[in-house]
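You will see subunit A twice below: alongside subunit B first, and alongside subunit C after that.
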Partner chain A sequence: MIEVQNLSVRVGDTRAVRRVNLSIGAGERLGVVGESGSGKTMLALALMGMVPDGLTVDGVIRIDGNDLSRASETTWAAYRAQKIAMIFQEPMSALNPLRRIGDIVAEPLLVHQGISRNDARQKVLALFDETGIPDANRRLQQYPHQLSGGQRQRVLIALALACDPSLLIADEPTTALDANIALRITDLLVRLSRERQMALLFISHDLSAVSRTTEDLLVMYGGDIVERGKTRHLLASPSHPYTSGLLSARPRIEQNAGPRRLPTIPGTVPSLFDLPPGCRFAGRCDRELPICRATIPQPAATVSGGFASCHLLNQPSQDQTGQAPR
Partner chain B sequence: MGYFLFRRTSGFILTLLSVSLVVFLVMNILPGDPTLSILGIESTEDARAVLRARLGLDAPLAERYVTWVFHALQGDFGDSYTHGVPVISLIVERLPMTLSLALSGMALTVLLALVLGITAASYHKRPGDWGVMLLSQLGIAVPAFWLSMLLVLLFAVKLRWLPPGGFPGWDDPRAAVRALILPTVALAVVQSAVLARVTRSSALEVMRLDFVRTARASGFSRRRILWGHVLPNALIPIITIVGLQFAGLVTGTIVIENVFYLPGLGRLLFQSISNRDFLTVQALVMMFAAIVVTANFLVDIAYVLIDPRLKARSR
Partner chain C sequence: MKQSLLSVENISRHYRLPRRRLLDRQPVLTAVDGASFQLQRGETLGVVGESGSGKSTLAKMVMAFERPDQGRVLFDGSDINELSAAALKQIRRHFQMVFQDPFGSLDPRRKVGWSIAEPLRAMATDDLSQINDRISATLQQVGLQARDADKYPHEFSGGQRQRIAIARAIITHPALLVADEAVSALDVSVQAQILNLLMDLKQELGLGILFISHDLAVVASICDRILVMRNGRIIETGPTAQVLTNPAHEYTGTLLVAAQI
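So, the complex of A and B:
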């Protein structure tokens, strides 16, 4: 239902997102992981037609067969909420503070579906029920500041679902929440995707949230997709050194493991305006080859059944098991 | 909300009391003898002393102040020296004129400022924005009395569309509205130029907030987002300035009423000062102060009505 080919987001000559291909069908759940600055939010905004002024989008974005890459703001507005909806990282500030919760969630229904206030109210109550907002009748009258973070995120989800979108983009929906609340939100998203046969694009830097939520996974680095595959297989046997780095940088509680220093990936994501000419991970990679700095690696099949863009996969003499070094 | 209202109301009363003290002291410290202006400079000292005693001007300052306040509270501001009638009746007669002018001026100010300010914000850093900013710069630079004269020359003298001045009273509403158009425009231009800038910057600030992105992601039209989501959230600084500007508008009527020959409080104040009509001046200044303080009182209440988060804090 959504298909993206060769999607790039450019700032002048620099690409914040570079030639991304992806497609998500009804009920499918795709994850995107990467550090801050890896281009994952920019990818999401491009899919909403909402990249900031001054940035240009190239490539094809097809929603239900219609190419929207050159669409006007008005055309995009007709797709938002009704075909693609999005929830954001900060539930604290993503709701209009002057409006009652009931009015906030009812607004897209009144605007896009033109139903009566009373019907909208019934629909909002049903949405509250579906997204697990208790005490729905009282909530209708409350203002955002009277709700907790988790409740606000549920309100945002209810708002996004109001017009029955076929794709929901969740950009770091759990980052601002406590761990146990985050868990419930991800479970809710999975359930909603199943029950509604709704496609889900789940963006996060949190690998455990992604592994709980998604079936397929894209790993982004510096605007590139460096590895893709089935979430379970990819996380079990990562091929790209960046994926391995992300995995080993995860805090874990292990039995009989003495105190250890949490491994990190040295350095930071390179600035968009200062990218290496070859592999964008060159310079931070612990398995760098001479070729890496000069040539952009092409996608190659991995042991996990997916693809990774890494020169290591094309080196016959090198370790090709794809197992991450520890 | 109850405590909030109590606090604001006591503040309101205290402010008016302090204003009355300042007004009374200033009027009595300033040089100029009312008996001299009533009886003329050829009058004898004896005659003036008799009049002074009759007007109660020979009593100590503190006693006169208390008497004045006490009477004023009962609506008695004394008799005008020049008109020979109770000051209060002079005011009641002219208040509708001034209030009509001030309120229509305020309405036009807010209307112009919101439309221009929101337009400028939505065309930020594009020609629409520059155009509005240029207009508002002009509006701020032009003095109201000069603009009034230009308006009269163009629309009354040359085009003959509107009367050049005077006010026929509200018995003939059509004529009254026609008479108010030019003074209202003259009054509103400067004020709306200032307010449009406040609206623009406040709206620009709000447009950066996350919930505006949520509204956009909900597929709402640009207009709905601007007027339905951005503007209400930008209102707090806007109405703060509206409250302050109302003071400017009310005092602005003094100039405008004189230019357009409108029988309002502003014109009465101007005449009373020229005539050393102390009691009338005192009452009028109190009147203007009360109008301004009331406007700010209403603004304070408006804050709480606009923003539900303030209601929780104001208890």
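So, the complex of A and C:
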């Protein structure tokens, strides 16, 4: 479906995304989690062929078997909407306030599929029904400001689905929404991915939203994928110090709750131009080794059945140096 | 009976909305509807609810930025809406606020030291000769360095900017801090640092904190007690552990589900 090999996005001398490999098959749901500056949005834009001017993309992006890494803008334009579609964080700014909802969602159908207005209208009604927008006939005539935040996000999803894409990229789709609305949107994305056998790339900094939505997970930091694996296993037993740090710094609801200090990751997310050349988490890591700062760690197998790029995993473990493994 | 630091008695606030048609009556939005609660010194009270539930309007009334249509807000026993303008200005030093957006709340053209000292100049009652010492001490209190006073806001990260905003709020030695979504715009790794800072300041300074957030997990990790708001009403209130383990209201249960991993 979509396959990415050795993808980098260069900004001058530095890289916002460094040698990323991933693949998502039909009906699979992959999550990307990371803080601001981790490169997750840049990765999404590279997959849409929409990296801002001045940045260069290297590596292979294969969609349904076709390599798009050197594709022209015209080729990309044909793939966008038809094969890959994207939904964004802020549904209000992604919808033209001067146009009616029905016209907005019908546009890709008229442009890309060349069907009649009447057929497009029927298709839009079906999409509204599929994405759980009630009172579809009346909605066609409404403007974005007349809808609530959750409804706008559903309209954006309907718009993205209009041309039946094989991959849907959702970049922080629940961040601007209230908790209970966010729950319904993630449920909707999971259902759509299953029913349509559509690949879903779900990008978020919200670990709860990612864990509800995805089967596989990538953890990004400073443009690198630092850990990957099955979402459930990875979150249950993280291997990379950054993943563990992120999980423990996150406020949790516990039974014996009450005010308590949270474990923290020292320092702040460094700027793109200030990243260490080796492991990008060096300098903030509490288990740093002398090798970390200068040498890029290679992915190694983790206890959760995934991979993590961390020098600690390549160190001789206690089993080998001390007692014999049982 | 011990006097509460903050006592809110049955306050309501309505806003008139634009007319739908020329001769229609103006529709009225009830932002806060009969809210009552108390906050003690050294206590952190969380206010949680979705957007539009009235959390921020409540904060504005506690800060005397808005006047309630009904009810009273008592700070240390005196009704802040009955005070003269001069008297209100005098006691404002005792309750300060931290806002959500650390980018929008600092003047980009002023050095950080100037911004932090602004509340002191606004009071105009303190001895301003020692103002630089106060700035240095406060910066150190929030985990920054004294020399940071000579930098501009753009030289700091989001988390550091939120530390600056907190420094500005505590420089007047307030008894009450109102934090409206103070960590919502921060990354998880930095959010934990700021939450810990607020907890430390509460201990050191005996601050009462009114902590407003839409995120139940964040509120649960810092607050002694929680209020849950919905549609302008307080629908649930109690000690943190009780609200979390035994939510009385269905909506609180939804918030709990949304925060699970």
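In this section, the second predicted complex is superposed on the first by the 314 of 326 C-alpha atoms of A that agree within 3 Å, B and C clash if a C-alpha of one lies under 4 Å from a C-alpha of the other, contacts with A are read in each partner's own complex, and residues count from 1 in each chain.
The rule is simple: a residue touches a chain if its C-beta (ideal position, glycine included) is under 8 Å from a C-beta of that chain, and two chains touch if they have at least 3 such contacts.
Not measured: the values here are computed from a predicted model.
*Asks:* Let's test your reading of the overlay: on subunit A, do subunit B and subunit C clash or fit side by side?
*Replies:* They fit side by side.
*Asks:* Using the superposition on chain A described above, determine whether A:Ser72 touches subunit B (first), subunit C (second), both, or neither.
*Replies:* The answer is neither, since A:Ser72 touches no partner chain.
*Asks:* In the overlay, answer first, second, both or neither for which of subunit B and subunit C A:Arg80 touches.
*Replies:* first
*Asks:* In the overlaid three-chain picture, which partner chain does A:Gln122 touch, first (subunit B) or second (subunit C), both, or neither?
*Replies:* It touches nothing on subunit B or subunit C.
*Asks:* Just checking: does A:Leu183 make contact with subunit B only, subunit C only, both, or neither of them? Give me first, second, both or neither.
*Replies:* second
*Asks:* What is the contact status of A:Arg261 with respect to subunit B (first) and subunit C (second): first, second, both, or neither?
*Replies:* Once the two structures are laid over each other on A, A:Arg261 reaches subunit C alone.
*Asks:* Just subunit B (first), just subunit C (second), both, or neither: which does A:Gln141 touch?
*Replies:* neither
*Asks:* According to the stated criteria, A:Gly245 is in contact with first (subunit B), second (subunit C), both, or neither; which is it?
*Replies:* second
*Asks:* Quick one: classify A:Pro108 as touching subunit B (first), subunit C (second), both or neither.
*Replies:* A:Pro108: touches subunit B, not subunit C.
*Asks:* Which value, in Å, gives the least CA distance between subunit B and subunit C in the superposed three-chain arrangement?
*Replies:* Here the least C-alpha separation of subunit B and subunit C stands at 6 Å.
*Asks:* Do subunit B and subunit C land on any of the same subunit A residues, and which?
*Replies:* none
*Asks:* Going by the contact rule set out above, which residues of subunit A touch subunit C in the complex?
*Replies:* Residue list for subunit A touching subunit C: 35-36, 149, 178-183, 205, 207-208, 211, 235, 245-246, 249-265, 268-269.
*Asks:* Which of the residues in subunit C end up touching subunit A in this complex?
*Replies:* On the subunit C side, the touching residues are 44, 50-51, 157-160, 187-193, 195-196, 199, 214-218, 220-224, 240-241, 244-245, 251, 254-261.
*Asks:* Quick one: which bits of subunit B touch subunit A in the complex? Just the residue numbers, please.
*Replies:* 209-211, 213-222, 224, 229, 232-233, 306-309, 312
*Asks:* Spell out the residues on subunit A that touch subunit B in their complex, using ranges where they run on.
*Replies:* Residue list for subunit A touching subunit B: 48, 50, 73-74, 76-82, 85-86, 88, 90, 93-98, 107-108, 111-112, 143, 145, 156, 159-160, 163.
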